[in-house]
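Across the two complexes that follow, chain A remains constant while its partner is chain B and subsequently chain C.
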Partner chain A sequence: MKKLLEISLGVVTSVGGFLEVGSMATAAQAGAMFGFQLIWAIVLGTISITFLVEMAGRFAAVSHHTIADGIRERFGFTAFIWPLLVVLLVNFMVLSAEIGGTAIAAELATGIGFQWWALPVAFLAWLLLWKGTFGLIEKGVSLLGLVTFCFVVGAVILHPEWKQAAGGAVPSLPHHDAATYWFMAVSILGASISPYLFMFYSSGAIEDQWDESYLGANRAIAGLGMSFGGTIAVAVLIVAALVLGAHGVNQVNDYNQLPLMLIQIFGFWGFVLFVASLAIACFGAALEVALQQAYLVAQGFGWTWGENLRPRDDPGFSLVYTLTLFLAAVPITLGVDPLRLTIFSMALTAASLPLTVVPFLFLLNDERYVGRHRNGVISNAAVIFVIALGFVLAVVTFPLQMFGGT
Partner chain B sequence: MSSVDWRSLSLLQVLALVLASCSLSETVEQQSKLAASTAEAAVLVTDAWLSGAAPSHYASAALQSFAGTLGDAGRQVESASSSDPAKRDALKSSLSQLSNAASRAESAVKAEQRAQAAQAVQELRAGQADLATAYRQYFAPRR
Partner chain C sequence: MQLLRDILDKQVVDREQVKVGKVDGLVAELRQGKPPRVVAVELGSIALARRCGARPGRWAAWLVARLSGKRQARPHRIAWNKVRDIGVDIEFDIDVRRTKIFAWQNWLRDHVVDRIPGA
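Then we have the complex of A and B:
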């Protein structure tokens, strides 16, 4: 019974943690411009992240190592430093975008410009990390993130042509704006297959002291949690297609256009729901990414780490999330457009995928770490597919950014 | 040798001219599409404010931003050189009309003047129709 409760809670937290500014913005832009045609990118991204999250959890539960730990130990520090630097840089931009998303929500709620909110948001996040526990961060904020379920309700109310929506799950060639179409596909994949998500998940499994008895729970949480999260992202795309796209608002280049998605369905409450969804989803993601930065550096350098420890007991770990949070708030304070930063950082995330996913192939097949719980044929095929996809994305991202970036 | 140089030079010039004209017409097309989308968003926001579904601070900030985008689009179209300046000017004029209408909607929302906001929506609609006509004429094949 206790395990069932833990699984339910894990699924709920995965759902709450899935949607953030990247998946929301990319799905909204894609739906507004291309209707249901890019649903396949969300489906592909969700399947890929499900496999990676399951492997990250299995690796942590069996080996009692996080993925970052495993990479450093297995390949040595010299090999670890490159993915570390790239992931730190990408995470930094994603964190900045998440702080920007929360700041936009605060602007929408109050009318005070988003630039003024970046530092208070960073401070609030820091305070929660400094004073809170892992359970509070993981479950509290993610449970609140369930408010994003309003997009699913909205999509159902709009009565989409479900057959047509299902057709969008099959990749197809664009009928117009080809470069933008592929750039959007890359950005959606970057927003879905975020390295911080599976790396955070493996650190969380260690924080929650998982062992081999959690393997079933891990599979359920990864599968159901990511699927439900992906469903919410698809709902955002459907709502954007049926509200923004259908009205002719097909170039979403201004965050002020986004609340219209729910206003058209729920009236004033739609505005409230949108602001709450954006604020909670982005704030939750900001907490997770800031923690992930600290996990990465602390695990990379072999420092003591743990969100459940007091800051004086893991000073290096606490210093990293403190510095990261406040530095990431600077670009938003200086007026960088959060929406543009989001789309750019999602594309960069996609380009950095090979560096973070290639080690899975070695770690999850190394008996010294995972014993008899090694990857099977399907898991290995999934990793090879994601690696190949990652290489393609790494090659095409920057040309597409130049020709199709919004 | 010298004639070959001249030929490659003129080839390069023609290529540069073709690329420049492609990129200029692309600018005009992109800006027109962006303006049409932004104008529709301005209509939706003003309508939402009129029906009480959007708070004033959000509606006015959104309309101010949309007016800025429409103004920028007009300036970009104006700076694009065209073989038919009259058609380009018609496009530019419809974009200015839209930008002004969005600004008027913003002022009306700020002043809580519902009648003026409704009037601004009508102007936005008229501007959208003018933009569509100017766009069709700009990209109409020459006889």
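Then we have the complex of A and C:
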């Protein structure tokens, strides 16, 4: 019974982790411009991240080490420094985008410009990390995050041609704007397969003191959590295709266009639901990315860390998330467009994948860490596939950014 | 056991299982006519910087000397004979609170963290 509760909580938490500003914005853009045609990118991204998250959880439960620990210990500092620097940079931009998404939600709700909200949002996030525990953040974010299910309800109410939607799950060539199509596919993949997600998950497993008895729960949480997250992202895409596309809004280049998606279905409450979904999903992700920065640095250098410790017992760790949060608020305060920053940072995430995914192949096959819980043939095939995908993304992202970027 | 594979970069914990750092460097003693012997492990930013090259190592040493005095401008060392257990982590029979390894974190606690309410 207790395990079942933990599994449901874990599932809800991973949905919260999955759905953030990046997956919402990229799905909405793709739906408006290409209808159901890009659903396959969400499906592919979701399957890939499911495998990585399961492995990150298994690695942590068996070895009591996180993925970041593993990369440093197994490959040495001179190799670790590259994923460290790149992930710190990518996470920083993603964090900035999440703060921007929350600030946009605040602007929609109050009419006060988003620039003014960046620092208050960062302060609130910092306060929660400073005073709160891991459990509070995990449970609070995940329960509130259930509001994003309104997109699924909306998609069902709209009665889409389900057959056509299922057809979108199979990759197909674009009929128009080919470069933009592929750029959006890359951004969607980047938004789904985020290093912060699986790295955070492995740290969370340590925070929640998982051991080998959690391997079954881990599998259930990874599988169900990521599929629910992917389902919501598909729902966002469907709603965007049916509402925005039907209103002739083919180019989403402003967050202010997005509430229209739900207003069409739920009226005024649609506006409220949209603002709440955006605010909660982005704020929750901001908390997780900020913590992940601190986890990464502390684990990479072997410091004492833990969100359940008081800041005075792990000052180095606490200082990292403090600095990260306030620095990440600066670009938004200066007026950088949150939507463009989001799309750009998702593409950059996609390009950075090889650095963080290649280590999985070694770590999850290393008996000293995972003993007899090594990867089987299927998991190894999945890792090799994601690595190959990561290298393709790394090569095509920047050319596509130039020709197909929005 | 292979030094570079099984010792370097591993997590160091003290006798209370407190995370001290990672093994950032190894110190070996060359002996006439006999194989070299590991005498200590090194921890800290200077040891790390040295692994990126001689110049980064000098910069780090200079920076540390400026920030916390000339006497601190070398890596922290833990004698190899203090080693207690070598597994995925390496445990040393020391109490990290009685070393200078956490000096910067202590400084941070006293001068920054404790001044912020709620710490």
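One rule holds for everything that comes next: the second predicted complex is superposed on the first by the 406 of 406 C-alpha atoms of A that agree within 3 Å, B and C clash if a C-alpha of one lies under 4 Å from a C-alpha of the other, contacts with A are read in each partner's own complex, and residues count from 1 in each chain.
We take it that a contact is a pair of C-beta atoms (placed from the backbone, for glycine too) under 8 Å apart; a residue touches a chain by one contact, two chains touch by 3 or more.
Model, not experiment: these values are computed from the prediction.
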item: Partners on chain A (chain B, chain C) - clash or fit; value: fit
item: Superposition-derived angle with apex at the Cα centre of chain A and sides reaching chain B and chain C, degrees in steps of 10; value: 130
item: Partner with the higher number of touched chain A residues, chain C or chain B; value: C
item: First, second, both or neither for A:303, with chain B first and chain C second; value: second
item: First, second, both or neither for A:270, with chain B first and chain C second; value: first
item: Chain B versus chain C as contact partner of A:368, first or second or both or neither; value: second
item: Which superposed partner A:208 touches (first chain B, second chain C, both, neither); value: neither
item: Partner chain(s) touched by A:260 [first = chain B, second = chain C, both, neither]; value: first
item: Minimal inter-chain CA distance - chain C and chain B, angstrom; value: 37
item: Chain C to chain A touching residues, read off their complex; value: 4, 8-12, 18-22, 24, 43, 48, 51-52, 88, 104-106, 108-109, 112-114, 116, 118-119
item: Chain B - residues contacting chain A, complex; value: 33-34, 36-38, 40-41, 44-45, 48, 51-55, 57-58, 61-62, 65-66, 69
item: Residues on chain A engaged by chain C in the complex (per definition of touch); value: 63-65, 69, 72-78, 80-81, 127, 130-131, 300-305, 310-312, 314-316, 318-319, 368-369
item: Residue ranges of chain A touching chain B (in the complex, touch as defined); value: 107-108, 110-111, 244, 247-251, 253-254, 256-257, 259-260, 263-264, 267-268, 270-271
